[in-house]
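These notes open a run of structures that come right after.
Same chain, two partners: chain A is paired with chain B first, then with chain C.
So, the complex of A and B:
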């Protein structure tokens, strides 16, 4: 066994991509498969720099379709395998991720969103929400964590591996180009020293004993002969996803008890929303803050409770309503007015949200 | 949102605004402050205007970018036109006097406008390669966001290995910080 990569707790000042690489090491990931695309490239760079020191592996494939399938293969071999991508790479990766969904493979994918559609910009967006939560030709049986700070990138990358291997649903950490490239302080740590269990990996196939005699045979399928056969498998998946959803779903909120307006945002935009709401409240204005941390599954109970009490909900996102769609589906039946601040592919600053809320309050 | 000191620095690729932004942010981090540094980046590998955003605060920092800076630094004419949008009535606007723009194109709404001859001084008195460190001194002098000592410590941290080989470099860099601070104090 190689040495423990992180001993004790350490305050560091890193880019988000470095943070992800460190977190993957801390989560005891074994191998990364990847294909370069901005703005996630440095995840690969830092991982490959650290990999030999900690007895870990890396394979660069010929494209993202292959990176996704090799990640599936790594998981089938019992390794904690992961990949990272963005934009058009995320599009290509939906095919192997659909397979992972069908076969219930605990693959972990880090997405650093860039502008879309197509190659658009290499910089930033929140336009990969629909793709990451519901991409592929399946039913969105995945867990998606949307991070807002480097501390969270670290915490939730570790958590993503644990969630994936505990529940066997493909799991994503949804970051963006800003988070990928910016630097800010955070504390890195060994999860076990903090009492966080690192869920171990296990072999899916090739286990001990004779299949059918010593143990039930393992049959992982992504193709079925009959319609009814498929439906039976899917219904089982839906039931299980529904069962784990309350345990997996996370959100954060404050100031919602008396709020006339609840500002809702996810990921990096939630940072601006949070500081704007804090300032508005300091001025005595009844404004609340709600942020889904998991975009799939959503914390539906809290969301409905908070939205139902508000007069208006302001949804701020760097996309043209991708989060909004998820929220409205979850809020179906409520009559709270939903107002939007959409800037697809462009950052939303604290001042933008502050000004928008002020205008809403005046009208 | 109101409590962070917000800095925008812009120049031509190669003028070193990103390194300076990073050193300032690292120095603030070393002081135990909250800080966030984000570069702009695009598809170009070289050339173009390079913009760096830094925020330093005692509290958690909000969005990585912002609409109005407390200090905005422009080191080329293109950088000036690109960064004017970040200037507001509270902003200290710093530019290098070697840049060739009509006076009326300088931001009219800034709290203070400081023209400093950093290019000239680095060329004639110090060394062209410490140009960006003079700018760093100007930012430190104009905002007091980090102390002179911390600024020097951060430079030592970043370039210490080079200083070991060429001790003269250390003196040049430290003089550049001092000169930068002096320039804005005098100009103010």
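So, the complex of A and C:
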């Protein structure tokens, strides 16, 4: 047994990428595969520095396709394997993720969003929402947590491993360049001491016994001969995903009961939204706040409930309507007006949101 | 009637196999089955098959098997091996999978000297998708995308895969080119390539010259002739790189002859 990385609780002041590396260690991740891309590089840097101390492994692969497929291999062999990427790397990562979806492999991927399309910027964005929730040639059978703070990066990276290994769906932590590079105070902790079960990993292949003699061989495929065969596999996945969705979906909200306007944002933009709404409330204005934490699956019940009571919903995001699209799909049939504040690849602060809400109230 | 003998590691319930009659894949997989039997490693092998006609082998053996994506078998095998070095990882792919779409993975797995075994079936074109040009297509050879014959000026010369792998691997790697028309060396090379992994020496690679009568549109005689006489014009069959012997060679290098001992109590 390697040394327990974190004993009890500890107040720290770290960058987001460092937080992710610590959280992966705390979640008992075993091996990381990665390819350098800004702004996720330091996840690999911190992981490789910690690796010998905590008996962890790392492989720098030739590209993100390989990082994703080696991660699939690591998981197949029974280790908690993960990778981290961003932007064009996330594009490449979708091919291995689609294999993981087909075989229900609990791979964990950290995405630190950067500008898009193409190589765009290495700084910040929220333009990887569509890709991360629905990338690949499949049906989006994955869980996506969108974090808003360093504390959440820690909490949800641990949770991502647990969700992946509990439910067997590929799981993402969706951060961004701001979260990756900023330094913030947070508390790191040993999850078990907080009563959080660390879900153990298990082998998909290479178990004990001689295949065909002591046990049937494990033979996993991703290609089927008949349309009906595939449909059967997919329908089982949809049913399973539907069943776990209420347990997995998370959101946070306040001030929505009597709100005329509900401000909706995810990730780091939700911080600005939260403080703007607080300020507007202090001025006696009927404004609420809603933030989906899981972008896939969405907390549809709460969302519909809250949106249906509001007159207007303001959607703020650093993309040109990627969150908006998810929300509108979930809110289908409601007549609430949806107003947008889109700044693709650019940060949105609380003043932006405050001003926008003010003009909405005045008109 | 005498039934053809099947390797013990084959899954009997999935036979007859799904390859076309006369296909070389079955011969390569027979050799692999024999090698697994002789090494008695059925319980430690993980077989990874690519997308290409090799995908048809996903339920071929009584060994744990993962069907991966076109060209991505090497990274999957690498991930498994890195996670559990006790397993013997055998990747199985076509020439399109290994040399075209997955060439970066082959090059880098070889450069890193990954302790995996790769068996690549060279049938000079893309079998599964209906006979298009591959990096291995012979000059002048007609395929669906070179209907007038492969023009080397615009599409290049046949890819020399094992020679490339031999050039970029470190000592310890095993590289060979076999052919389905010579089943004994075919099995021996595959066996050595697996043993080399088991000994932890390095990357192990066997290209197998194979036949695709369906897309070549050849009869029995023409098929064998093509493998034996046409492919070998460009592809040298034999061992290309073998690891140096671990034991020092038992050759005496001193010149001074030690004094003869007289046997006293004979």
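Definition applied: the second predicted complex is superposed on the first by the 354 of 363 C-alpha atoms of A that agree within 3 Å, B and C clash if a C-alpha of one lies under 4 Å from a C-alpha of the other, contacts with A are read in each partner's own complex, and residues count from 1 in each chain.
Note that a residue touches a chain if its C-beta (ideal position, glycine included) is under 8 Å from a C-beta of that chain, and two chains touch if they have at least 3 such contacts.
All of these numbers come straight from a predicted model, not from anything done at the bench.
*Asks:* If you tally the residues of chain A touched by each partner, is the higher count for chain B or for chain C?
*Replies:* C
*Asks:* A:117 in the overlay: touching chain B, chain C, both, or neither? Say first, second, both or neither.
*Replies:* neither
*Asks:* Should A:74 be classified as contacting the first partner (chain B), the second (chain C), both, or neither?
*Replies:* Only chain C; A:74 stays clear of chain B.
*Asks:* Touch check for A:246: first (chain B), second (chain C), both, or neither?
*Replies:* It touches nothing on chain B or chain C.
*Asks:* Where does A:178 make contact in the superposed view: on chain B (first), on chain C (second), on both, or on neither?
*Replies:* In the superposition, A:178 contacts chain B only.
*Asks:* Does chain B (first) or chain C (second) touch A:274, or do both, or does neither?
*Replies:* first
*Asks:* Just checking: does A:52 make contact with chain B only, chain C only, both, or neither of them? Give me first, second, both or neither.
*Replies:* A:52 contacts neither chain B nor chain C.
*Asks:* In the superposed arrangement, which partner chain does A:99 touch: chain B (first), chain C (second), both, or neither?
*Replies:* After superposition on chain A, A:99 lies in contact with chain C alone.
*Asks:* Common interface residues of chain A with chain B and chain C?
*Replies:* none
*Asks:* If you look only at chain C, which of its residues touch chain A in the complex?
*Replies:* Residue positions touching the partner: 9, 11, 42-44, 46, 51, 55, 58-59, 61-69, 72, 75-84, 86-87, 104-105, 107-108.
*Asks:* Would you mind writing out the residues of chain A in touch with chain C in their complex?
*Replies:* For this pair, the touching residues of chain A are 30-31, 33, 57, 59, 61-63, 65-66, 68-79, 81, 95-96, 99, 103, 203, 205-207, 209-214, 217-223.
*Asks:* Considering the complex alone, what residue numbers of chain A touch chain B?
*Replies:* Going by the criterion above, the answer is residues 13, 38-39, 121-123, 177-178, 181-185, 268-269, 271-272, 274-276, 278-279, 347-352, 354.
*Asks:* Quick check: in the complex, which residue numbers of chain B touch chain A?
*Replies:* Touching chain A from chain B are residues 1-2, 22, 25-26, 29, 34-43, 60-68.
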